[in-house]
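Letters are used for the chains, namely A, B and C, taken in the order the chains are written, and counting of residues starts over at 1 for each.
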Amino acid sequence: MTDQSTSAPQVGASRSGSPKELGTVEQAALIEQLTALADDELLLGHRNAEWTGHAPILEEDIALANLAQDEIGHAIAWYGLRSALDGSDPDRLVYFRDAPQFLNSWLAELPRGDWAFTMRRQCLFATYDAELLSRPALSSYLPLAHAAVKIGREELFHLRHSSMWLERLAHGTAESRRRLALALASAWPLLPQLLAPMPGTLDLHAAGIWPQPDELREAVVARARAALSQVGLGAGPLLPTAGLTSHRGTHPAHLDELLERLQSVARADPEATHW
Amino acid sequence: MPDDETVKSHEFEARIARGEKIEPGDWMPDAYRAQLIRMIGQHAHSEVVGMLPEGAWLDMAPSLRRKQILIAKVQDEAGHGQYLYHAAETLGASRDEMTAALLAGKAKYSSVFNYPTLTWADVGMIGWLVDGAAIRNQLMLAQCSYGPYSRAMVRICSEETFHHKQGREMIIIYASGTPSQRHMAQDALDRWWWPALMMLGPHDADSPNTPQLVAWGIKTKTNDQVRQEFINEHVPELRAAGLRIPDPDMYQDANGDWRHGAIDWDEFWAVVRGNGQCNVERLAARQKAHDDGLWVREALDAFAAKQAAGEASL
Amino acid sequence: MSRWEVFKQDAAGKPHQAVGSVHAADPQHALVTAAHVFARRPAAHSLWVTRAAAIYSRTAEELAAESQAAGAPTEGQAPVSFEVFCKSTHRRSMTFVEHVATIEAATPAAALALAGAATSDDSRALAWWVVPTAAITASAPTDAASWFDPAKDKTYKQQALYGAAPSRAAKRGAG
């Protein structure tokens, strides 16, 4: 079926079709990058799934569950790409790594908060994915290209859903506007850490399979600011990220608590390989 | 009863006997409407409350695939509640009123959801047994005479089979897995077997509603008939998986039917009346979701009002 | 918030069918919500939503009762476009009425009368819905790729992809 949407990512001509064509430095960098993407999707999906049974409207129990399933699916895809490079087992990565080995962003591990925070966080991640996954660089390494297309089109629907909500909360009541402002105040300062390059990002860019991180960051921030001003909100300046490393691998307090629950059943029976 | 009502009632029952569907706008006896609102409402509430026992295990799902599957399953419970509230609304009920009745403890829901889910294997056992029992009821209700309820049930049936199969898949794996998994599977069966049997309703002798529901095309089989079919389907599969049915009095009769031991109905009625372990917790969770969500619903209404008045800059 | 009826078109060329309703506050919210509720499994190509209150609804029984009463003719009203939906079978289904015609008429009743006259077998028409075209909010054709197509790949929740109960021996072999 032809993709009629002009904004969905296209699969471009591939230069690198197999993992063997990447050098060891690039491979190591890509493994880290994929893990970071996967860990973010895992935690986002985990947090969104917490709403099931507790959402403000029955229809939103259904909606958030769609987002969560998509995100776990994205995590499976990114871990799967890592597995093709180093033979790792995605379930083993998820259930038997400790917190310092997780490469998620701080924004992803925060608790779900209220509806305003959940929608705000969703919108920021969907904006990031919409920009990242439509970059031509991703399409030059075939496995990344396929994942980018599939994940990208789902992220477009996530962006639509969360943008629609932000508009309604911004223009709803004084209370919804107040909560949205608080959500922004919590989430916005964490955007630089989400967008900061990892140690190997420039190597991936040099190999032609990852966008230039500063350009990507500026595009994401510009798009997020534009969306805010459309609903009459503004956000303060962001910490400059030139030279800032992502500090992925360090975590505020939340990941330990999250992992304790997430990993509890699997870790209680480490011999079990089939669930 | 005025002659007109009697004639209309006979015509109504004749329509049903001809296999016609009653649609919103058609004449129906007040008692038919009231009975359906009560039944459909209870069914909808059961689905919505039913999100909670398994929803509690979403955080701890022990593999990525199981997590994805469980999110989809619990999502379906919400969806089924949604289809059923719609059916009740076509009869003149309102979702707000039905929700208020549930939260006030005035509306019933299936007592099976007032049992706690103590281990991960409970998720599988609920899918295998509870959804297995639900499917039998739902297949029957899909034939019912009221169009919107029948359609909701057909849609639900198309989704419920996945619930049943994924639960069975899980338990079969655990029943031949590690010692810990095998123990967990048997323990889950020990705790969920009898609640699943009781879910199919009181014995026929204690179900006064049934003849009227049969005349109205709402029920086509009795509780005991459905229960026997359920047992005959599940006992061989559970035994083949290496599990032991927690009924020392169970035996297979000359017809091949698996006859069950006596059901402890005292426990059933205690749970129905609200003395089950989780009644309070389940309703409190739904009340909290409702209360916490008020500002969100108000924001939606305020936005819509502004949009309609042309005020919001969009 | 109010109820919005949802119509889903499974594939290009097939009629939009009434699949249920959603609670929502405004048209865009209703449309996105309808996608979440009714397109989470395949197949969907297009969605329409309309406020339940905008629907003119008649069953065959209601029409028969009305035709015995005198009907006031409508005069001088400019014709408006209506979408007409019809149910024509008692067969068990998960959908209710389906789209049969777009009709210009002065009132919904007039549109229904025209539609009824146009169908060759209108004695089988069991229920009708008539909706002003302007009251329908539709998904865009370009939405399908991101809104509806991804559902096809979600095989983990499609029952056909789960096998029959496997034997214990087969499971051990799969180990």
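Convention: contacts are C-beta pairs under 8 Å (C-beta built on N, C-alpha and C of every residue); 3 or more make two chains touch, one makes a residue touch a chain.
On a predicted model such as this, the values are computed, not experimentally measured, just so you know.
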item: From chain B, the most remote chain by mean C-alpha position; value: A
item: Chain centroid nearest the full-protein CA centroid; value: B
item: Whole-Å gap separating chain A and chain B, where each centre is the average of the chain's CA atoms; value: 36
item: Rounded Å distance between chain B and chain C, as computed from the means of their C-alpha atoms; value: 26
item: Junction residues of chain A, two or more chains touched; value: 57-59, 62, 66, 69, 73, 168, 274
item: Residues of chain C whose C-beta touches two or more other chains; value: 1, 22-26, 29, 37, 40, 154
item: Residue list for chain B, restricted to those that touch at least two other chains; value: 65, 68, 72, 75, 79, 82, 173, 297, 300, 303
item: Footprint of chain C on chain A - complex, ascending; value: 1, 3-6, 8, 57-59, 62-63, 66, 69-70, 73, 150, 153-154, 156-157, 160-161, 164, 168, 273-274
item: For the chain C and chain B complex, residues of the former touching the latter; value: 1, 3, 19-26, 29, 37, 40-41, 57-59, 61-62, 87, 90, 92-96, 126-127, 154, 156-159, 162, 165-168, 171-172
item: Contact set on chain A toward chain B in their complex; value: 42, 45-46, 49-50, 52-59, 61-62, 65-66, 68-69, 72-73, 75-76, 79, 90-91, 94-95, 114-115, 167-169, 171-173, 175-176, 179, 232, 261-262, 264-266, 268-269, 271-272, 274-275
item: Residues of chain C touching chain A in the complex; value: 1, 22-26, 28-29, 32-33, 35-37, 40, 141-147, 149-150, 153-154, 175
item: Residues of chain B touching chain C in the complex; value: 19-21, 23-27, 65, 68-69, 72-73, 75-76, 79, 82-83, 86, 89, 95, 142-143, 147-148, 150-152, 154-155, 158-159, 161-162, 165-166, 168-169, 172-173, 175-176, 237, 240-242, 297, 300-301, 303-304, 307-308
